[in-house]
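Reading through the structure tokens given below for one structure.
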Amino acid sequence: YRMVNLYGKHVAVAWPDSEVEGVKDEAVEIMVKTKKSYVLAGNEWKRDPTVVKVGDVEIGGNKVVVAAGPCAVESEEQTETVAKAVKRAGASLLRGGAYKPRTSPYSFQGLGEEGLRILRKAGDETGLPVVSEILDPRDREVFGKYADMVQVGARNSQNFTLLRELGRLGKPVLLKRGLGNTVEELIQSAEYIMMEGNGNVVLCERGIRTFEKSTRFTLDIGGMVAGKLMTHLPFCADPSHPAGKRELVHSLALASVAAGADMLLVEVHPRPEVALSDSEQQLTPESFQLLMERVRALASVLGRST
Amino acid sequence: YRMVNLYGKHVAVAWPDSEVEGVKDEAVEIMVKTKKSYVLAGNEWKRDPTVVKVGDVEIGGNKVVVAAGPCAVESEEQTETVAKAVKRAGASLLRGGAYKPRTSPYSFQGLGEEGLRILRKAGDETGLPVVSEILDPRDREVFGKYADMVQVGARNSQNFTLLRELGRLGKPVLLKRGLGNTVEELIQSAEYIMMEGNGNVVLCERGIRTFEKSTRFTLDIGGMVAGKLMTHLPFCADPSHPAGKRELVHSLALASVAAGADMLLVEVHPRPEVALSDSEQQLTPESFQLLMERVRALASVLGRST
Amino acid sequence: YRMVNLYGKHVAVAWPDSEVEGVKDEAVEIMVKTKKSYVLAGNEWKRDPTVVKVGDVEIGGNKVVVAAGPCAVESEEQTETVAKAVKRAGASLLRGGAYKPRTSPYSFQGLGEEGLRILRKAGDETGLPVVSEILDPRDREVFGKYADMVQVGARNSQNFTLLRELGRLGKPVLLKRGLGNTVEELIQSAEYIMMEGNGNVVLCERGIRTFEKSTRFTLDIGGMVAGKLMTHLPFCADPSHPAGKRELVHSLALASVAAGADMLLVEVHPRPEVALSDSEQQLTPESFQLLMERVRALASVLGRST
Amino acid sequence: YRMVNLYGKHVAVAWPDSEVEGVKDEAVEIMVKTKKSYVLAGNEWKRDPTVVKVGDVEIGGNKVVVAAGPCAVESEEQTETVAKAVKRAGASLLRGGAYKPRTSPYSFQGLGEEGLRILRKAGDETGLPVVSEILDPRDREVFGKYADMVQVGARNSQNFTLLRELGRLGKPVLLKRGLGNTVEELIQSAEYIMMEGNGNVVLCERGIRTFEKSTRFTLDIGGMVAGKLMTHLPFCADPSHPAGKRELVHSLALASVAAGADMLLVEVHPRPEVALSDSEQQLTPESFQLLMERVRALASVLGRST
């Protein structure tokens, strides 16, 4: 068996070839037997929803948390402009890509560490904790230094090497679902992080690959709802990537909140038409402000705050 | 070209091999050229949203219309019990299957015309217009006699023979999207109905086939939102079939309304556990009442009524 | 229970609510209990592969049967030209669409009964039995008159009204898989035909809807192979529709034969570039001749003839 | 622009924001402009098919190359037994997993470096070059030491960090398609490797995620055929993973070869029923021997050897 410290408890997880009943360790408060392909991320042993703290922001509690910012950090000015705008509109977290996993090697690959530094600065100036995507397990230290929450993108959703490393880093993780992965596999990926003692994982539905082509990806709201019944971890929805077009982002964001999303991840750019990536789907600051007002009204009738 | 009377207008639609400019008919008020694979269902020539009237109920206007009732009409008692319950809870239409398209020929196939008669009676007693699914173009008369709105199921979404017949019947049509059809194809199917002069079509998103297995189908809310930008026809969402499990129905219904659905189609059974079909996904009357309260609260912040 | 005459036997099939053990009918030779969602089409009660005869042509035996011809019958000349060419190249059946189920109502819809007449004439002149697609159950008589084998297209794969009618018509049926249907559902659709006493059904894999866009549909060869283990009915593969481009047709045809297809359905047009439908994917007569040579060589090493 | 040495040539690849026409470098023999999302992997600049050499084995030439071996290296004895068996049957390469990317962290994760050492030894004893999957870019050296060809699995198909590292390592790469990736994206992933100067990439079709459940994944043979028209790189097909059941493996393997696969990757285990992973889909040595005979016969009529 393996001992994991999670949520302030000593948890013993049994391997398929061992028996948790045999555990004699006095420090063990909870013992979990492996019945499913995920254990620690499942809600059989932990009924209460997990609240993930990023700075002062609580994800998974009453509040619908909104993280917003540019697809890619392009410059100090662009990032600061967006940071102030999303802060003013009511966002709780600042997002921005520094290392960009682009399908084509000929697309803009991000500013790297410099991008993280810019994001950190904009976050500090506005008081917003920052979240950014990691691609390489060897970048662990630089993310440890600059980021408040580390994002795993759809393409690395089953990059178990990276997941284990983030389990050891200990920072809150925003784990996106892979394009071709089931909700169950998403939860199994979270298990890789939690096995290393990091229970601060937020799962993110961001659309899957289907035959439908009027949207970029198919936002699987049903999968998110079904997933919430399987895990104690909070769920984020990303309405920007499945939309692919900014006219669709508001409706997908509202639908996600109505379905029970604990968090939204929204791309906002001061001038989307000149953005170096995802130009079509980023909201203007004005549109984001309107979205926040709509989310706020919606959250209130659902008994939640923003 | 072809002359179609739609929404009180004389519309001339040009074939690919003809020219609408050449139309000299004085009665023609609107001329539409074929540029896309759908024309009459598109919103290039008709900007205002279409309101489909079923009895006194208006679908596509301010109100979020809810149609509810059993998957299948099983008996007079069952149907009346449900009809009264959904009426009391605030539903505007009564749904119920009389001819059931079951994947297996060994499953319950519905009561046929007797089922329609029972549905009609329950509708009359409660003052709810009724909607039921047609499978055979030769049943046109019997549906003309009993139904207020005729439903085309997912399996017949591209049964063009049936669609044309419903175009001629003239009754309002609830047209479901096929399991493997794009939103564009759904709109093209509506075109087949409209070509015969029947503009009273409500499109229905009911989930598509994907690899995800935690839900029965994947409700494509993004497809519905994208579809609303392509057509003037109203959109209905069916949260029951994609859910497959009753615990998921509320969330999918709320998400659909938040995303802009004009109508909901919900399965309700007095005792779901003994239902002859779709036992897992039908709501109890109590659960449906709660759903209506939640939909009402949600609609109000969206500036809509129920 | 229901009595069905199939393959010269009296078969009693039990309903879920009845018991086949209780059958006392002396005429019953075989009794089948309903355990799965399909029975007559399954191979639990009938181990030997079924051979479907269309004229003198046997589908499901040693020979790899090739049906070829135009997507749509356009004229007497076009059809005769193709019929002679495919006959010369070694095809055993002539295919051609008279009633075309086009996604858009503005596309060419086929010549109707006149198309069937032309096809019949070309078949008679070349000695090739003919196969054509039916869309409307009310066209039963006209197909009874002109066609040797009746095709059900992908869009009507779950049009149970049509399937039942073809069960009663009794002619051999080529049943295509729906774009969003599983192999199991295809077999269940065959069950609807067989329940009416018609066991002459050939199942056809023609590609399913997936996210991949370099081909028109995804030919599911694995599904066909898995299906062959579930049923005694023969399998046809249609390489033309999934290809969408003629450069891909040969490879998909050869792959299908290597995987065990009993029949191929190939679109051939004397001048594909001016075809009224599916222009991109129809083979020229020359290319078809080459394909037949390649199929012949392949079949020989598999121990089959053509 | 970027200078890349590929296939013994100096190639200059232009960035979207630069111009290859401006290149004045005398060493440049070939200049490629970025028109598509992939360049070096495309066949516009390099018409002749690329032959990838692994030891003495040539992939992409006349021979259909077969790599076979266990899903996971479990012990020295198991690996040697399989190695001798597949060698005897005619395989050209030995495959075996040392680092296993298992969806669940509670499944067997492989023997790690010890597994690679065992594989190397078995390869040396039988004279078969070895191929094994890498998960972590930091394992570059250990793979450099033990492996002749490095495999990138489906889950890491868009792990660009890992791909770049393998581009620098320089060893031949077997690059699998991700479960939710298009063929175009697979080719774009190869571009990441080639950009670092490593042109020895074999693309591998191994099945995609679809709604069909009678097979584990849907082997996209059409995608492979379409892909071969887009790239000069050779294609491998993996019939074992999409099959999921050993009864289907032969047919999928033969179909792949008939469709033009240059290589097959087949799982073979001395006693599949006790295998620590993928127990259902591994062939016995006897079944593999029969498969090789069938592949050999098939290849001969296609004008290829094995």
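Think of it as A, B, C and D in the order they're written, each chain with its own count starting at 1.
Note that in this section a contact is a pair of C-beta atoms (placed from the backbone, for glycine too) under 8 Å apart; a residue touches a chain by one contact, two chains touch by 3 or more.
In this text the structure is predicted, and so the values were computed from the model without any measurement.
Traced through touching neighbours, the fewest hops from chain A to chain D number 1.
Chain centres were defined as the mean of their Cα atoms; on that basis the chain farthest from chain A turns out to be C.
Here the repeat of C-D among A-B, B-C or A-D is A-B, since over half of its contact pairs match by residue number. Chain centres here are Cα averages; for chain B and chain C they lie 32 Å apart.
For the pair chain A and chain C, the distance between mean C-alpha positions equals 48 Å. For this pair, chain A with chain B, the centres built from the Cα atoms lie 36 Å apart.
Each of the following residues of chain A touches two or more other chains: 180, 208-211, 213.
Contacts between chains leave no pair untouched here, as each chain touches all the others. Interface residues of chain A, counted against chain C in their complex, comprise 209-211, 213. By the touch criterion stated above, chain B contacts chain C in their complex at residues 15-16, 34, 37-39, 101-107, 135-138, 155-156, 158-161, 178-181, 185, 188, 191-192, 195, 208-209. Listing the residues of chain A that touch chain B in their complex gives 180, 182-184, 207-208, 210-215, 217-223, 225-227, 229-230, 242-243, 245, 247-248, 251-252, 254-260, 297-298, 300-302.
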